[in-house]
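The chains carry the letters A, B, C, D, E and F, assigned in the order they are written, with residues numbered from 1 in each.
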Amino acid sequence: MTDYPISRFPVPELSELPEDIRTRIEAVQEKSGFVPNVFLALAHRPDEFRAFFAGHDALMDKSDGLSKAEREMIVVATSAVNQCSYCVVAHGAILRIRAKNPLIADQLAINPGKADLSERERHIVDFALTMATDSASVTDADMDAMSDRGFTDDEIWDIGAITAFFAMSNRLANLSSMRPNDEFYAMART
Amino acid sequence: MTDYPISRFPVPELSELPEDIRTRIEAVQEKSGFVPNVFLALAHRPDEFRAFFAGHDALMDKSDGLSKAEREMIVVATSAVNQCSYCVVAHGAILRIRAKNPLIADQLAINPGKADLSERERHIVDFALTMATDSASVTDADMDAMSDRGFTDDEIWDIGAITAFFAMSNRLANLSSMRPNDEFYAMART
Amino acid sequence: MTDYPISRFPVPELSELPEDIRTRIEAVQEKSGFVPNVFLALAHRPDEFRAFFAGHDALMDKSDGLSKAEREMIVVATSAVNQCSYCVVAHGAILRIRAKNPLIADQLAINPGKADLSERERHIVDFALTMATDSASVTDADMDAMSDRGFTDDEIWDIGAITAFFAMSNRLANLSSMRPNDEFYAMART
Amino acid sequence: MTDYPISRFPVPELSELPEDIRTRIEAVQEKSGFVPNVFLALAHRPDEFRAFFAGHDALMDKSDGLSKAEREMIVVATSAVNQCSYCVVAHGAILRIRAKNPLIADQLAINPGKADLSERERHIVDFALTMATDSASVTDADMDAMSDRGFTDDEIWDIGAITAFFAMSNRLANLSSMRPNDEFYAMART
Amino acid sequence: MTDYPISRFPVPELSELPEDIRTRIEAVQEKSGFVPNVFLALAHRPDEFRAFFAGHDALMDKSDGLSKAEREMIVVATSAVNQCSYCVVAHGAILRIRAKNPLIADQLAINPGKADLSERERHIVDFALTMATDSASVTDADMDAMSDRGFTDDEIWDIGAITAFFAMSNRLANLSSMRPNDEFYAMART
Amino acid sequence: MTDYPISRFPVPELSELPEDIRTRIEAVQEKSGFVPNVFLALAHRPDEFRAFFAGHDALMDKSDGLSKAEREMIVVATSAVNQCSYCVVAHGAILRIRAKNPLIADQLAINPGKADLSERERHIVDFALTMATDSASVTDADMDAMSDRGFTDDEIWDIGAITAFFAMSNRLANLSSMRPNDEFYAMART
């Protein structure tokens, strides 16, 4: 639909890529119907690509403790603070699907304080936003407050670690002007 | 020397760890004479540990383009902005060793604008600081300016990607109140 | 679809409203198929309602100088800075229609610096953002720079005055937790 | 006394203005002894002029709930945050008159936290300052706190709406470098 | 006229003070017709009092290089940034006298960018504001720019040193809630 | 070890200095084994030099109420916020000596919230940081809170006054690019 580049940095052809990376990308393409641009934009650095998706999957492809929708809420809210177009648009689509809610992604991206969140979701998002914008200020008292609200150590770690991972991811996307695929914008809107 | 915990989160015994992780830690201990606390503080999450160090090594264990000292300068300057005690102290020590300069780490941590940097080093540090604090503002014009100063695309990516990696790392350290080993403070001071 | 209130403040019944206000609202409903919530949320103060829409129409219902799409770009970009859910969602929909571009509203709301803008549109949005966030800093030099780029005094006034009007509008919407109609989110997405 | 222009934008002659606008300005002149520059600086846009003063009068020319002095306190404190010379100087004079207090305007403009305010006035000013600088953060809890302190819904709306109106007004004045009349500075000083 | 305390800390009686301090205060009282509260508010610490006024006089009681009016402009503009009621009100009065200009103090306190300044005065105020708010960012290039504009090293030092002195003074006044004498507000208004 | 200038401004020879200043500098040299650069960098202005050190000694050379180590903690933490290389490095060394703790200075400079502080020390540092960054916001309630924690009025004044003094000192050091002596970096590290 448009002719904009998907990255400021080199984007290799699929055929040039190492076997394991090409296989992973083809699997995503099969499942989604298109290749999300993050896979192509990171492929020029195979070792970093492998580490990135290993880290991503370790945090995002599970649903014990935090649900998958809750994990995506963290991504959308903190990526919006970092003004990361790729992550807000792409994970916004995934969040709409995971949460079965066509409004929640835009709400979180624009003003998390006005989003339709449960009390638990609000605590998750608030803690994530503090981790995103001023992690140095998180004290033992903040941790204790999260425990008092019923969060386990593993859940608290997940909130912080997902925020930390996307602090990296947002910067890589902003560095490369990584462009969200047009498909993401309209996905799961109704 | 002190009895402070090294992390707010569980720290497993070496003997409990998966073989590959234990081996890696023992190798570091052999080389450094002690185990830097980051290895112990991340070990409770083996998959995340593996992804973290794979990402770290892909960016920090090489010296083509940016030298190892330049890479550590990025870490110290951007970690100081994020007020990450672990990264400033531990990588400050490594930077003093790499740069053979006992003053440069403190200078970068306190006020990078007053540090004894070459013009090239100053451009590296300035670009890294922008990536750390406002990556969304990096425009094509900023990229072109870096090219005009003689930086290759690979070098620009490295500056951005190291900053991005430590944006994650700083948040994990702040989340866990990861404590720098006492050994790092006095290392390579003369 | 949801049961959330559209405002923290009283929302009168259409039948209770003064004739001129009821007529205006019914006209909008006829045209759009629904009543945008801003009309209902401001109706409890008839004099303020009349002044508000008189001001709105004076700035937004014309297309000499700035096009209608350009006017909506100013609204979406500056309302995003003010984290105004109502204005970003509702005017985002209008912008998609006016610009015949399903991507532009989200791009502007998330990171205007990465949006697909012409050079003229970029100057408009940049000037509007400065007016939104630090109007005190706008100097004669900034005005002259806009003139040099080909903007007339009337266009510069319009950019500033639309930004000023939505500085008010965003605060009223945030004050009242004005809720965007669900219809806006999915409008003109393809 | 000085020869500085009162606006960066065109200032029409009184004789060129539409009848209703000229009449309004002449009435003010009769009452005050001079024409406050805001009337002249907005007159080049008659429709916007009419909407502006309709909105202004709806909020400022009444004294049920908030007193007129309290309304002016909101204007001075929030206009100081926006560094709006016109509004601080002109409404500072009006506030000194309304409050019969020659010190209060400067106190509020310089540091509202040190101004001689009653407890009720402090709550009004604090809520207004939050609305001026971070309206997105105002939550239901903030609203409830205001109710608990004895403010009615109408009073809370007035504080927010006056702040919102002057968020617009401050930007128009900053846009046009609207110059306060020299008369305002010394008015009601003793 | 009011009964507000002039300091949160102890204010000694004149008769309790060491001879040299009492003499100094009586001299000021003779000259001004009243005792500016700063003399009383600092008197509880005689050694600090002596050092404070020695530093003050070394910077403010001379007119080679910077004129006395220019020195007071620095005080008013930087004290406004620090929201120091005492310094803005008291030195505002002195500035009106020194500059023979009844408008300049309020203009500088509200928005220095809109004040009626000569080009030289603007450079002085801009450099002072940077020193006040972000002295760490002042580079050799900034110093060279000041030299190019015709400022001597002694003048640059004076701008910086006056700003530095009032960074201290503003904090002492804010610490003690030092109250400006009512007399200052209306002084030299016409 | 290096050839960097110690100040952007003139540095007089010892032999050119007034007797009292030369005597003071020689005494420091005798005691410390070297002349801290602050003495040389301020010497070009003898009256300001005398007032500066009179103020310094009145606040720092005593140990009633606040201990000498506590006073140095205030200096290091607030100078780090102001990114003052000279003060953090030089007073960091003094703090390590006074507190007999080789870690505390770096901890306070990087992230005071993670430093190994007693509860009393934490209150001191927190109050000092507020005074350094936003003194205008300190209210009677903050003062009362300090009293409730057991601090006397004299201790509260000392915390505020030391912070104020170094707000000045940091700006002078940043203005002059005052260079810390190399000796300070490695002092008292073990």
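Here is the rule we go by: a contact is a pair of C-beta atoms (placed from the backbone, for glycine too) under 8 Å apart; a residue touches a chain by one contact, two chains touch by 3 or more.
Worth saying up front: this structure is predicted, and the values here are computed from it rather than measured.
*Asks:* Going by the contact rule set out at the top, which chains touch both chain E and chain F?
*Replies:* Both chain E and chain F are touched by B, D, going by the contact rule given at the top.
*Asks:* Which chains lie in contact with each of chain A and chain C?
*Replies:* Under the touch definition, chain A and chain C have B, D as mutual neighbours.
*Asks:* Given the two chain pairs B-F and B-E, which is bridged by the higher number of C-beta pairs in contact?
*Replies:* Output for the comparison: B-F.
*Asks:* Same residues or different residues: which describes how chain D and chain E meet, taking over half shared numbers as same?
*Replies:* Homomeric contact, same residues on both sides for the most part.
*Asks:* Averaging only over C-alpha atoms, locate the centres of chain A and chain B and give their separation in whole Å.
*Replies:* 23
*Asks:* Quick one: chain C and chain F, Cα centre-to-centre, how many Å?
*Replies:* 51
*Asks:* Let me have the rounded angstrom distance from the C-alpha centre of chain C over to the C-alpha centre of chain E, please.
*Replies:* The separation of the two C-alpha centroids amounts to 44 Å.
*Asks:* So which bits of chain D are touching at least two other chains?
*Replies:* Residue numbers touching two or more other chains: 83-84, 111, 113-114, 136, 174, 177.
*Asks:* Throw together a list of every chain pair that touches.
*Replies:* Inter-chain contacts occur between A-B, A-C, A-D, A-F, B-C, B-E, B-F, C-D, C-E, D-E, D-F, E-F.
*Asks:* Considering the complex alone, what residue numbers of chain C touch chain B?
*Replies:* 111, 113-114
*Asks:* Which chain C residues qualify as touching chain A in the complex?
*Replies:* My answer: residues 2, 4, 80, 83-85, 88-89, 102-103, 106-107, 109-111, 113-114, 116, 174, 177, 182, 185-186, 189-190.
*Asks:* How about chain F: which of its residues touch chain E in the complex?
*Replies:* Those residues of chain F that touch chain E are 8-10, 45, 47-48, 50-52, 54-55, 57-59, 82-84, 131-132, 135-136, 138, 140, 143, 153, 157, 160-161, 163-165, 167-172, 174-177.
*Asks:* Once bound in the complex, which stretches of chain D touch chain A?
*Replies:* Result: residues 136-137, 139 of chain D touch chain A.
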